[in-house]
Structures are given as C-alpha cells and as structure tokens.
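A quick write-up on the structure given underneath.
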C-alpha cells in the first residue's frame, strides 16, 4: 500500500520527524512518501497560517497524489482536509481527526495535550468542527517558552507528561499528543501517563490503512462528490488537473 | 493477531454470518474466534433485550477473552461496550461505534440504514450516547415485514439500496448498513449507492486491528480504569475472575 | 397504593436504608415492598457493575412486579430503567431521573453531590443520557476514603454539606444528594444548605405516586411499547413471562 | 393542602375549566383556589401577551399567595414562572414545565399537541428555555379555524387525536395536550392515543402537591434566592409587600 | 433618524447616563429620545424585576414609539424585547443582543463583564435565550460591594479592567461591559484591555441605525407578525392601541 | 470612510454586481473599493474552491487593505474570514456572518435561501461554524438548472420568492438571500416575502460601517491577536508584509 503523507508546514525537519513515526507505525508492506509545503509557515499555529497550509495541501496533492492509496494530512488541525476529500478518489485523513476518532474508541472523553498555548484556539475550532466537543475534556497547553519545534518534544517531555496528568484529573480517559513536532513522543512516555496516550501520526497512518483496505467508493452524490468542472483561473497545470479530474 | 468476536444475540446463524464477514475483512494473519450468547434474544431490538445482551457479553468475556488481542461486540448498538472496556486489558470496539467513527473520516454526515423500524429508537440512543447526533443525517429504517433475520439481507437488498438513496438526499455523505443480519450486504451493493457504504462488521474488525496494533495501555485512572475489587455476589467463577482480574 | 422498590445493589443494609426513607416519604396509604438484587455488586459504581445491576432489575421485576402500582429503581444512575419501562404496564421511575426532574421545578440548575469520586463518570453519563446537561451545574464528589457504605452518610455529613456549598457557588440552585447510601441524609442537613436539598429516594417515591395516580396507559406505539414476543433463550420462567406478558 | 391556581389569562371560563380539572386531579384533602388575571389577553398566544400575563401573575400572587402551600401557573408556556419562584417561599410550578418533566418519566421524547398554530413559537421557546429540546419530538399544532376557546376542546377532539397519531409517528413516546383550553380533554380521549397522554393541569396539580410535601426550603443563595429589597416604584401595596417580604 | 431609547429601570440617573452615551455614539443626524420606566426597580437584576421591566417597556412604547425609526431597550438582558418586536412596525434592538451579536463579528468568543454577581443568572439566561452559549466565554462578575449604581462605573473601573483580563485568559476574544450603569466606561478604559471592548449602549445605537437604514418590512407571517387583535382587558388606551395597531 | 470589498470569486461580473449593491447600501460619505480574486473559481461552491478563495483573500488584502477602515469578504460563506481578522488592524466582516447576525436582530430564526443545491453543504457548515444552528430554520436551495451566475437573480426571482415562502412555513422569521450572484435581488422582491428579507451585501456594508465607527482596538491577546512573526516561505513581498506587519 502506498500512503502519501503531506506536511502542510514548510519545515522539512518536521517532515522527517513525522515520516519516521509514520513508517514505524505502518504495516510492513506499506510505503510512505512524505512531502513538504513549499509555501507558508514553518509550523502552522493560526487561522491565517492554516489558509496558506490548506492551499499548499492542494498543490502537493496536485503534484504527488497520483498512485497513492490514501493520503494523510500531517498537521494537527487538518488544514485542507475537506477540500482534499472532495477532490480525491482515494481516502484522506487528518492527524487530528484520526487521533480524536481513535480516542473515542478508547474512552468517553479525550484530551488534546500540546506544547504551546498559541495552538489552543485553532485546535479547539477543529474539535468543534468535528462535532466532538462533548467527547473532549479540553485542549491542554503548556504556556512557557521553548527553544524550537525540532527539540520541543524532548525538551518538554516531562512537562507534557505532567500536563496529561492534569487532563486526566479533569476527566480525560485518553490523551492525544497534538502537533506534528510531538510526533513520536507518545511511544516514549506512554507508560508515565495513566491512560491510553495517542500519537496523531501513528493513529493517522493506521486509519489511512484501514480506510484504504475498506476501499470505499468515491462519492458521486452528497457533499463530498467532486465539484463539477468550472473554468478555473490562475492554477498550475497540475492543480487544474486535480480540480478537473481528481 | 487474535480477535474475539462476541455475538450478544443468541442466534448462531447470525454468529456465522458476522464471523464470515469478519474473516473476509481481517488481515491475513488475524485469527477470529466467534462466540454466541447463551441467554437472551435471537436478535436484540429493544432496551430490555439489550440488558440481557450486555449481561451475556460479560459472561462471554469471562469465558473467552483470555488470549484475545482485541474484542469486537457484534451487535449494532454495542450492548455492554462500556462495561467490557472497563474490565479488559485489551481494546474493545462495538460495531456501531466503529462504523460511525469510520464514517466520520469519509464524510461530514453519515446515515444508519437498516431493515426494521423497531430498531430505530435503540440505534438513535446509540448515536446520541456517542455524542454524534450532529454528524448523523438520520436512522433510516424499512417499515415492512420480512421473512426472518437469516434472509433479510438478500430479501431486502434492493429496498435498502433505495433507502440509502433517500438518506443521501437527506444529507448523508456516507451510509452504514446497521444490524448484524445485514453483515456482508454492503460489499454486494456498494456500487449501487452513490456514496461510501460501510459494513459494521468490516469496520469493527479493521478498527479492532488498528487499536491492537497501536497497543494502548490499560487505563489506571479515568473512567475506564478497572473497578476496584468488591465482594461480588452470585457470579460464576469465571465472571468473578473477570471482575477481579480483568 | 403499592410501590415496588428495587435495590439493584446486593447490599441488604442499603435496601433497609432506602426502604425506611421511602416509607417516611410516602403517602400514608402507600405500601412499599423493597427487594434486593441477588447478583452483582454490594454498591454499583461502574458501568460493568451497572450491567449486572440492570440484569438484576429485570429478574426482580419478573419475581415481584406483580401487583405493584408503580416501580422505583433504587440506585442512583437508574440501571435497567429503560428496559423496565418497556416491559411493564405500570410506571417505573429511577432515583436519579426523579430527583433531577424534580430539581428542575425548584431551580434553573441542579448539582448532584455525592460521597465518592468513583461515581462521577457513571452519574454524569446519566445526566447526559437524560438530556439534562444544560440544567446541571456539575457532579460534585468527595475525594477521600470512607469506612463503608453503611456509615458514609453519617461519617461524611459535614463534608457533604460543605460540598453543597461549593456546588451553590458554582451555580447550583438546587442540590441532590446522590447515591442510595446517602438516603435520608437530606432531611437531616437540609437547613445547613442554602438551597433546596433533594433526597433521591423521597423524590422517586413521590414521583412514582404521582405517575400511578395520573394513570398513564401502557404505550402500544413509540419506543416504549412492549417488545414483540420472540423466542428467548436461557431465561427463568418468571423472566420469560415478563418478556412475554409484561 | 392549599394550592393557588393562577390563570394568567383574563377569561374566567378558562379559569373555571382548569379549576375543575385541577380539583378532579388533586388529592382528596387538597383545596384549590383559582384566580383570574384582571389585565391582559383572554387567551395568551404571543410574547407580547405573555408580558402582560407575567405581570398579572405577580399581581395575583401579591393578592392571593398568602396561605398557599404551593402555586400553579395555569397557562401553558408558564408566564412569570421564574419571577414567582424567586419571590415566593413556597413552591411554584408551571403547567408546561410540569407536563414536560412528568412526560420525561414516561418516555424518551414527548410531543406537545395543541389547537392553534399561533401557539407554536411561544411553546417552542418554552421547550428550549427548559433545556428540553432533545427530549421533544416537536410541537404539533392544528392549522385550521375554531369557534372559540371555550369549545375548542370538544370541537377539535377528533382532530387532536389524529394529530397525536402524527406525533407518535414522528417519534413521540408521550403526548401532552398543551394549552389551558384543552384541560380535561386528555382524560376523555386517552384511550384513543397509543401512548401516554398528559393533561397539563393534572400534571401540574400532582407536581405542586409533590413539591409541597417534599417541603424544600426557600433558597437563600443561588439564582432563586429572593431579590434583595430595593426602593421599588409604582407598585400596589400588595405587590410591594410581595417584593419586600415574599 | 429618530431613535427611542427606553430605560426599563426607574432610575432617571441611569437614563441620563445611557442617553449621553447613545448621543455620543449615534450618527450626527440621529435624534435620540430617552424615556424612563415609571414602575419597577431602580435597577433590574432579577427575573421578578424583569417582569415589571418588560411591562414598563410596553407602556413606554405605547406612549412614545410613535415617530421613532427604531427602538432600543436600554437594559442589558433585554426585558420585553420579543414582545416589542412583535408589536412594532419598526426595528427594536436590545442592549445585550446588540452587543453580543456585534461581538461575534470581532472574535470567536465574547465575555460579558459586569459589576455585580447578582446579575449573573439573568445575563446567562439571556445568552442562552439568544442561542449564543457556544460563542460566550462566560459572564464575569465582581463579587464585592459598591456604593451605588450612579458611581459604580467610576468606582470599579480598575477592578473591571482586571476582570476583563481574567475573561481574556479564559478564552474571550472580545469583552462586553454589561449593564446600563457601566455605559460609557468602555470608551475610557478600552486601551487597558487587550481585546476589543464593547459598550452595550454604543453597540445598540449603531445596530438600531443599521436596522433602520436596511428598512426591513414588518413581518406578516412567522413568529414576529403582530398578534391578531383580541379583546384585551384592563389596558390603558395607549397600550390598547399598541396591541391593536402597533 | 473607506471600505475594501473583496470578491474571492474570479468573476468580475460578480464583483461589479456586489460593488453596485454595496455602494447603494453604504452611507453617502463611504467610499467602496472592490477587488477580484485572480486565482480560483468564478463562483465558489465547494470546500476545495473555498481553499483557493481563502488564499486569494489574503493576497488581495496584502495588495489592497492599506487605507481601508474596514474590509468585507464578498462571498457568502466567508472564505478566509478568520485569517483576515487575525492579520488586519481594522475590522473585517463576511457576507454570511453579517447577514446572519443582522437577521438575529429581526427574528428568532432565519433561513438562508439560495439558487443552487450545490451550495447547501458549504453554507450549512458556515451556519454551524458560527454556532448559529439553533437560530437557523434551514438552508433552502433551488434544485434546478440556471443559465449562468450573471443572470440567475433575474431568472429565478419568482422561484426564490416561492422558496422564501416555504422557509417561512418551516419556521423562518427572516430570510437571507445567500450568494453574491443574488446581491440586489432582495430590494426588488422584499414586498413579495411576508417577513424581513436581507441582502448579504447590504448587511455586510452596514455592519462594516458600524464596526469601523465603534473603532475596536486590535486584539493583542486572545485568538485574534496577530500571529507572532515567523520565517514564512514562498510568499509575495506584499503577503509577507501582511503577515509581518498587518
């Protein structure tokens, strides 16, 4: 099986991190191709950066989706997910979506735990957009400086474990480590957290495989049917083809 | 991987049906053991029958959960699911839960489509219990006689396809064929429905595999930690052991 | 009027306690018969124990419901309530349900106050199941050891009064002392709490009398009509009769 | 026990009707005093008329609440209920509130069935205000002329029974005949409706008795404590006393 | 343009305050007439006082609405708003409604910040009534004595700024200073609060102008059509005319 | 006052239409500059097209926001609105948002009425995103071919009036004509619809003026503070400046 892992952030170090975790989580026969946004923020944290990230997702799909059995959007609040799902013939999952829905099979309420308070509004909008507010015990964020996104997982490991404890005390049955820079940390600290601890990338990879195996048909009706062809303006040839042919 | 597939209905023909679909959906290396309730209704359709079904689930777990890497509750509104999740060290998924959460990765709103109007209240309570009412375009039920649960899938195939069409017109992006007696039908009629069509058993098997691979730890805190041992009364030795040791 | 008071817990001391409170709360002409679960936990606190409790409720109904004008389920989160309501021709109320709905006539938001943090998840699910989350200011629980369920009401009286004060500060207009082991305490400490304080047993008894007097007909349609007869397996003769004839 | 039954409508024929139904529903020892608004609409059907009705309720309380053990607001969407509950030391219930909360003990979802489409918006706001939208299968209204409020119950009995049938088909487990002019009709047609059928006046009387017997203390905290005394302007001496002393 | 500004409180000092702020906020060509309730509380803070305030609003409309292009209800939780909107041919806005809806165009979640904890329940009911609970980060109230409503804005300015800070920390993107006695304060302290700070009166004036310019027709259908004429009892000639002719 | 009106669609005929309506609706002293997306769909109708539209909004802001007192996003479901609100120092409103919030001051429930069923999912997501589902009676769409977006308003005027009638029957107190190609139609047919009929462009212009006059400060905290500067990649100089300086 071929999975395309899209990093809507421009930081290739983040791509490397999530690609490594993805390969470790995937079935042995799964191939993972990871690609990086050429435009936008090194690490998306706001609505404005997410607009650029979503546009980058479409461009990367246009260039790389061919041959993939399923696609993963590798940024936590899933920029461009609905758009990609409309356009493609194969399944697309987002990291946040996959982690939250997986968490719902492990407990009644999940918490999202992450490293920067600046992510909270965007993450919470993602919870609400998914209609999962009642299943979410909260978005728990560290509110302290960190050296950089490449080291934040190591640097803040102990503090994030502590924060998971607070989330559990607040009613969480499951914790999700949110944000691509934390990919891989869950595996290292899972035994220090008293409830199941999910890694967004690992959850997304397994869910992408699941969807690809289930092999759902492309919708030709409903809100995820492909948009009818229109005279689009200003698109690269590849992107135009994506809109015209999926 | 070993999966235990529990049929909370007393009908062994239903067990055979869902076991067959489960084996077809599972990864090649997955072993599936299917067991049948000894007490209760041939096919659960009401809250009262679900109480018996839930009790049967615990008894079957007591006798058969040993050695399983994950457990599937093979009746659509998931009787006994929360209880099983509290008691066991390994993941447990329900057919309805797995199908609905999988559907959420394929569209904005799903519909549950089934063969008997008598199932509607129980199924809708399951949707609400999962906090997914906003994601559900409705529970769509045939309201007409059928010969029996063993043949209803074949007998009503065309009518259920029609009903899926109505669900799509009402806003569904994905349809789920609900109810164990319909297991296997989705694969046969998927190309006649214009949106992704999910089989509850297939979804549950893949999600059980996914959870088993992710390998979440057993909660020692939160609402799915195992209950503290208590002096239980009137339990079979196996059930007592399940409550005492998981 | 004859009321059947079912204790889904196996502890007869709890039965004695709630029966005493029930008799004190009932109209002079009301007779109360109290029966105790033969199977399950001495005091239900988890989903798994509630599954056993719900099954016990059906068994006790099978043996004792005959001749009752209404039935009360005497455990706070109402195990087996929906099932009992389907099967019986006479009204059935649950302690939690009766207390919460009564509270809604005394204020805008109620709080449930109880003696053990282990009860919180089950109680909160009950609030949500009843669709009353918006009317509930929270489930407030002591988080400290107690000697045993027979003495917890006396032992923790002062601490529970304190906790009611915290609930009022958090927006509660009414407090409910939740959990059968606290039956009778409300009458003793009501004057120490600055808002109406409800006893679940007393509320349930008066609501059961109210329903019995209103004399609603048994539904023959809707989701609480009796289930159509089916070939049930493994049931005691009495339970079989309950499923077949109500 | 003494109950004060307040008719916020100015029509004495409606007062006579609801007083008769109230006396038939009450316990033998209960005395019912019924009083009629002096100002406002003969039959409240809009927000503007409800403002006058609520003001009338306070005036009638000022003149007549003395000596009552509980008070009933005898207009279906409960004008002035919250205000009365703040001011009085004894319990107050509204017809709609009492009927809806009673219905919640008889089924999962109730319907309100009434004789004029002009009542729908006000009734639905009442359902929402009570936080019971999830428990309500809808407000079902006849949309056809009627001779007058004194005869509408007789004139439309058959049509309302029919409408109850539609409500049941739409998911109602219980029907409530809403609106004071329909008081008494439920008793006459209950056997023609396949689910429990509630009379708002009867439900309110029994709930008022229940609350009076439970004897909750007057809140001195929370949102239903009495307002602190203020220099009120333009009030009758009795109304001033009500605000000052309850 | 002529705006009628109704103060449902009896305090003329409050009228003067809000009229001053209204004139400062209005377009140069807008005329503002301010009138004061003759009956009720100097400053409405409870449901009971709001009933009197709503009745006063109708009386003031009866006497003064003639010639107005739009009407403002100048008490924060908008007593009588729905009733006024039914009766009048011109637009009516409430201070709370206008401020909250304006806030929704400046951020995701707003907070209401006010000077007395006694206002919290009434304000929160207003948020819920408007269906805006999901957009509201909370009602934040000082819980400390103040000298009087005429001076509370000056006296508590610093404390309210502090409270806005707490609201922002709790997730508010916008703060609203709620309560007519705080009118005008926002302009003075806006630069001390790190998010947009709204004055209810200023927002209401601009929204009233906006609605008057948009010039929506009076509804002749839907729930805000004028009530059909009825034989009203006990009304002043002016109020009778308002009900009969708008 | 200077307003910037952004058309996220690439069709200049749509720009001309909305600019004309905007100028007619604006105060005499207001200047309106209208700009058109260079990239994307002639008329946005899907999530994928909205991603391109949102990116175009940011590019147009980068080039044209300078000097504007407020900005209007002139496509109905408000692509890029949150992003624009984060980045700019001046207020930004969306057509859908402005129309819906204005409608909330004219009635209890609004309906969105539009010309193509393909718009329904995107519009409904916008209603839900704004947390206004409880205030919305539905999105009502024609389901029939039309010649083109330039003529659809004229061609379908009578059919849309009819659809408004259906929306009113379904509970709408206010109707909104949704979609930029319908701009201007409301003024022509308002007298044929029995409730207030809103034009999204006119509402947005007046709300933009209102916000500009209220002059809220730019948030320096909360979720609409400007994102902290980051090393962005692949942006035009103007867009980079927008991210860096607003």
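First chain written, first letter: the chains are A, B, C, D, E and F, and each begins at residue 1.
As a convention for this text, contacts are C-beta pairs under 8 Å (C-beta built on N, C-alpha and C of every residue); 3 or more make two chains touch, one makes a residue touch a chain.
Every value quoted in this text rests on a predicted model; they were computed, and no experiment measured them.
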Farthest chain (mean CA position) relative to chain C: F
Listed pair (C-D, D-E or E-F) duplicating the B-C contact set, over half by residue number: D-E
Chain copies touching (chain E, chain F) - same or different residues, decided at half shared: same
Most widely separated chain from chain D, with each centre as the mean of CA atoms: A
Superposition of chain B upon chain C: rotation angle, C-alpha, nearest 5 degrees: 180
Mean-CA-position distance for chain F and chain A (Å): 29
Chain centre separation in whole Å, for chain D relative to chain A (CA means): 52
Centroid distance [mean C-alpha coordinates] between chain E and chain C, Å: 44
Sequence positions of chain D contacting 2 or more other chains: 82, 85, 108, 121, 134, 171, 223
Parts of chain B lying in touch with chain A, wherever the complex brings them together: 25, 27, 82, 85, 91, 93, 97-98, 101-102, 104-109, 130-132, 134-135, 168, 171-174, 190-191, 193-198, 202-203, 206-207, 209-211, 213-214, 216-217, 219-225
Chain C-facing residues of chain B, complex: 10, 37-43, 45-52, 54-55, 57-58, 80, 82-87, 118, 120-122, 129, 223, 227-228, 230-235, 243
